[in-house]
Amino acid sequence: MTTTTYRMDQMTWPEFAARTDRPVILPIGSTEQHSQHLPMGVDARIAEHISEDLAAALDGTVMPTLCYGYKSKPLSGGGPLFPGTIDLNGVTVINLVHDVLSEIIADGFTKIVVMNGHFENEPFVIEAIDLVTRETGGKATIVESNWWDPLTPDVVEKVFEGLDFPGWALEHAAITETSLMLHYEPQLVHMDRMVYKQKVEPKAYVRYPVRKGDVPDYGGLADATGSSAERGRLIAEGCVSEMVKICAEEFGTER
Amino acid sequence: MTTTTYRMDQMTWPEFAARTDRPVILPIGSTEQHSQHLPMGVDARIAEHISEDLAAALDGTVMPTLCYGYKSKPLSGGGPLFPGTIDLNGVTVINLVHDVLSEIIADGFTKIVVMNGHFENEPFVIEAIDLVTRETGGKATIVESNWWDPLTPDVVEKVFEGLDFPGWALEHAAITETSLMLHYEPQLVHMDRMVYKQKVEPKAYVRYPVRKGDVPDYGGLADATGSSAERGRLIAEGCVSEMVKICAEEFGTER
Amino acid sequence: MTTTTYRMDQMTWPEFAARTDRPVILPIGSTEQHSQHLPMGVDARIAEHISEDLAAALDGTVMPTLCYGYKSKPLSGGGPLFPGTIDLNGVTVINLVHDVLSEIIADGFTKIVVMNGHFENEPFVIEAIDLVTRETGGKATIVESNWWDPLTPDVVEKVFEGLDFPGWALEHAAITETSLMLHYEPQLVHMDRMVYKQKVEPKAYVRYPVRKGDVPDYGGLADATGSSAERGRLIAEGCVSEMVKICAEEFGTER
Amino acid sequence: MTTTTYRMDQMTWPEFAARTDRPVILPIGSTEQHSQHLPMGVDARIAEHISEDLAAALDGTVMPTLCYGYKSKPLSGGGPLFPGTIDLNGVTVINLVHDVLSEIIADGFTKIVVMNGHFENEPFVIEAIDLVTRETGGKATIVESNWWDPLTPDVVEKVFEGLDFPGWALEHAAITETSLMLHYEPQLVHMDRMVYKQKVEPKAYVRYPVRKGDVPDYGGLADATGSSAERGRLIAEGCVSEMVKICAEEFGTER
Amino acid sequence: MTTTTYRMDQMTWPEFAARTDRPVILPIGSTEQHSQHLPMGVDARIAEHISEDLAAALDGTVMPTLCYGYKSKPLSGGGPLFPGTIDLNGVTVINLVHDVLSEIIADGFTKIVVMNGHFENEPFVIEAIDLVTRETGGKATIVESNWWDPLTPDVVEKVFEGLDFPGWALEHAAITETSLMLHYEPQLVHMDRMVYKQKVEPKAYVRYPVRKGDVPDYGGLADATGSSAERGRLIAEGCVSEMVKICAEEFGTER
Amino acid sequence: MTTTTYRMDQMTWPEFAARTDRPVILPIGSTEQHSQHLPMGVDARIAEHISEDLAAALDGTVMPTLCYGYKSKPLSGGGPLFPGTIDLNGVTVINLVHDVLSEIIADGFTKIVVMNGHFENEPFVIEAIDLVTRETGGKATIVESNWWDPLTPDVVEKVFEGLDFPGWALEHAAITETSLMLHYEPQLVHMDRMVYKQKVEPKAYVRYPVRKGDVPDYGGLADATGSSAERGRLIAEGCVSEMVKICAEEFGTER
């Protein structure tokens, strides 16, 4: 049995219907510029891969990935002025996640994970979760997280061994995402095209309109030098093993 | 160079930015029960595959697929009461397609195809196209179609050679979808699990609430017996070659 | 007692309140160009007349007609660029039908027919019906149809005796609508102004923006020559008699 | 030439297109209980009749009537708890009027009257007018009124000669509406069923939920005794002649 | 204990939680031009002061004031073309009031007063109240009023003793608001800057777009000459004493 | 001249209109439980006070405070299950901020600060800013910040001298908010009622439904012991002096 077994889009409905007591995982990413060396699908691809690993660990089911997300911001994604960044409005993200969760709850699932790969999605995803929870009287337990928050300090330390950690907000197309892509889909990473000129200084405020120059013109916020598949593996495994514990606690699941 | 070259999610932003004068294709499908022998991702997978073939033919770019669609109806998809059918509200589909198209037009693309794999999506996708067209003063030409309408009568005849054509509305998990999946992803088709008891009689009206029994309990609307990869190839090639002509006429594209 | 007895707008509230166990019919049409020889109210007028005939046959009640509908499309109505076509947004149609149905259900009616006279309305009307059905737990049975789908093949054959049937999509301001208007309101039909130059070729796709020339400049999609009150009568009676059977089956009504 | 000439729904599109420099009038009413002696279509019927008279006076065009309106309130319509009162949500009224006005302005009309027959509609209709005006840069002049506000004091005095005027808020199914219906459609008025027990005392506040007893159980707010077709004629003519002056001032129209 | 005790924003949550059986009052005003002599916060300030007086009389709780309101109209506020008038869209007002009321009802409060200080707010506030009432099955009693409607005729007579009453619609920045501000916050009233040139003639219709000149360029609709703190006190006390009676009747409250 | 001079609600419209070239500041807070010793208005009161100090420093204008905000979350405010926490829906916050900003830009202001006092508001406020910026073509420069992000590391160090800094997320009703309230409105702080039992452990995920126990039953997330007016003054002055620099850079303002 391969990992694809856990994908809802590859199951027939009776196969899916037999799994309502198992966790179901909804990956959400974005389509967003990721500097010169990473493809635009990074957030969605990573969310999907982590979800599949988590499904394998939990005997869960992965729903089809939401490949578009909330607007990329200068301080955490840098995308608004780069071609290829597709920014959904907040209301659209709320409604989309709302409808998908409503339907899966109506199908009888009560153990739901939303696995987010795009920082800016979070408040709108949580708003959707809150609305669905109110409407359904809380009959499903919904856990929302991502691949960075569950990492324990010692995993973060190992991941950045020999490197500087610039803070999560700047980890866009930098060490963690590049390493995860080297781990999962190395053929899509172009280390030879990597550009790094300066670290973006995080600001204490936002200012609109966004202007050319708010983000370096190549599209990166921090240095990706030193990324490796091994570091990517550490993140993936570190995240999944913590998420398994979280699910055990919240859902009472075990393997 | 492989077909994956045409996928936006696998491009860096500069690669994408260099292609604004080429067509861009947005596949939209659904996640919906497809009887006993087909997986739930059929509509999205077919829309994506056809889009990739079309992109290869046109030197176009395929955007990430919208994997969830409008509500499955008894007479054309049969899904509302089957687990795994994820029905988005009409407003959600409109907003989602609206935002994606707005962003791609803001990026400078003017030759856009929306390739639909789920019958019920169409009016809501077109509403989104109409709204975006009004807001942007019509600066992009947007073509919306699917894999069935462009087929010429002689292709349809060849596809159904030796078989009965039950009408497009009932072609859900039947000859055409099964054949397309045998052509594109045979490992996901379970011909041994195929069930067929009776042809659903299309009704001259809709009635709500939908009730168990409106659709046979296995989930099919018509017989898939006789499906083959060869018939699938005929459909795929028949659709793509017509779409190339349509794009030539509407966009002035050629290869 | 005349047919007007069945009109809700002509009843006092106690008369109406006494009829909650009878079917109630909501006609919906549009205001849309209908070529040179038919007035713009055709879709609404026909929906209303058919509804009144059906009410007479069922001892039902006809609600006031929704005279504006969803956007007229080039391939099925041809209206977007002609003065006088009033196109409601999809969300507006959904909300309007939703609110009217909600209220009539709150009044205790459980046998509801929505009679549509404008092809493009259907998906948005059905979305409204679906939403209301979910909100009210399905306590009313709602049937949605129009005057063309219920016609039996032999009625269609008789209606088009000696004529070509161009397909329903092109039946805009053509044989069926002209004949129905000659049957119901001949004083509004100007046969002497009828224009026909070419049959519109139905396309396998939609393209936006709509352009002058997508529809012949007089506004017709197919030929109306040969229309007659008698053909109109056949359609009206053919539709009503089928609708009576449908209501009998769905509502358990009889006369 | 009869008054029906002024109805948009009875015109062909070329007839309508020839009138873009003339005023266009949109009647809006409601479907609402009107006590024991008046039918539920009163607000819509009166708005439509006044609009037709005004169109005749101005050589204007009457659009199809919006027959459903905003929620009936205890102090001005008394409808929420009576069967047959169909209450649209505020957002629905705003969107509906917005879309209709947007389309008529897009058709080139710049002299627009909204003629309201249902007190509660007004703020939501005006919100729609404000939104459309902002969106279109104010290129159309839109006048909104009703059949009561334009009446001069001496007309009001004549209308109520020998009677008490209870204030406009209570004029629901009372002297003015009954008289107007006797003037325009006497066959729909049942003077023999008229009930009057007590005058409703207008309150200085609203209280929700509305309760049985907030309005007398027969549905009236004030006494209709003394209503006559002649009083109705005075109102209709008094309103139309003032509206003609208003249009002359705002549109520069004359006859 | 001072009047500030009644302010929710000055209470801790346990203090507030102990008062669920007492009335809770939500003041709503606007930010709107008030001619030359009054500040823009008048509507909000007066609503808040009256609410505090009412809370003191009822042992109720005053929620934080909604300081922005629905669009100022020429005939009742004169604001749309004056800097500083902040006009919320109708939908925004409905949603804002809806959410605040929903939350307070979820907290267990069942005796709610909405105290309005801005004429134009009323229909949108009431729409919100209606929606919340439907959603919560009417478990809270919600009274909506303002500071002018509850005044008895003899109070109005005393307030305008020696002056002309121009009608409530024109009472914008005129006798009543100026007097109330002289009563509550005299330091914010600049009697020396008062301008009065002509009484605005109320029109029998509205016309859009609003034009410079629809309202006198200084911003007033009627004369404020003769305003006094004493007249303000009469209004405040007259309103509060009536509101106490209304609450006694609707809530069964007493002191 | 007192600080009240900078409040828009205390200005007449001509005073306000004379200041369009100066910065305008919109404070937004919330109404939310703040443990046992702080009142529920803390977020709004602090946002307002900081805004007034900033206005004084910049010769700016403070708009009326938005006193209700987005939903309080367990990990950053702890409010959803405590009486008195008033949670607006995301869409409501977006629309409210959108409308207020639209209007102030329409009035000619181009230097706008949104000063936020409630952590959870931020993404929804920024969504509103983004929408307004798109609609107005970016003609105003809008800076959004709060009172914590602009603090320099050495100010934070001084503020927490002798204390542990638990991280900003837990700084709810703890050292910083308590100190700011002791600085601005000591009469509203009840140090004697302060409760602290355990530090809440920030979680790496969110889980819905929120449950009693997710937050300690008294309502605090971290210890407030050691709070002082002096620490509050350091925060206020530290924030304002940085904001002055930010405004100088973004607006070109100086004093």
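Going by the order they are written in, the chains are A, B, C, D, E and F; count residues from 1 in each one.
Keep in mind that, in the parts below, contacts are C-beta pairs under 8 Å (C-beta built on N, C-alpha and C of every residue); 3 or more make two chains touch, one makes a residue touch a chain.
Computed from a prediction, not measured in an experiment: that's the story for all the values here.
J.: If you take the chains that touch chain B and keep only those that also touch chain F, what is left?
T.: Shared contacts of chain B and chain F: A.
J.: Using the touch definition from the top, list the chains contacting both chain C and chain D.
T.: Chains that touch both chain C and chain D, as defined above, do not exist here.
J.: Using C-alpha centroids, which chain lies at the maximum separation from chain D?
T.: Most distant chain from chain D: A.
J.: For the interface formed by C-D, which of the candidate pairs A-B, D-E or A-F is equivalent, sharing more than half of the contact pairs by residue number?
T.: Repeat interface, by the over-half criterion: A-B.
J.: Distance-wise, how many Å sit between the C-alpha centres of chain B and chain C, to the nearest whole number?
T.: The answer is 29 Å.
J.: Any idea how many Å lie between the Cα centroids of chain B and chain D?
T.: 48
J.: Please output the residue numbers of chain E that touch at least 2 other chains, ranges allowed.
T.: Residue numbers touching two or more other chains: 89, 91.
J.: Starting from chain E and heading to chain F first, what is the chain order around the ring?
T.: Ring order, starting at chain E and heading to chain F first: E, F, A, B, C, D.
J.: Which stretch or stretches of chain B touch chain C in the complex?
T.: 71, 73, 89-91, 94, 120, 122-124, 126-127, 129-131, 133, 138, 141-145, 149-151, 204-209, 242, 246, 250
J.: Can you list the residues on chain B that touch chain A in the complex?
T.: Going by the criterion above, the answer is residues 7-14, 16-17, 20, 31, 33-41, 44-45, 63-68, 82-89, 91-92, 95-96, 98-100, 103-104, 107-108, 188, 190, 193, 219.
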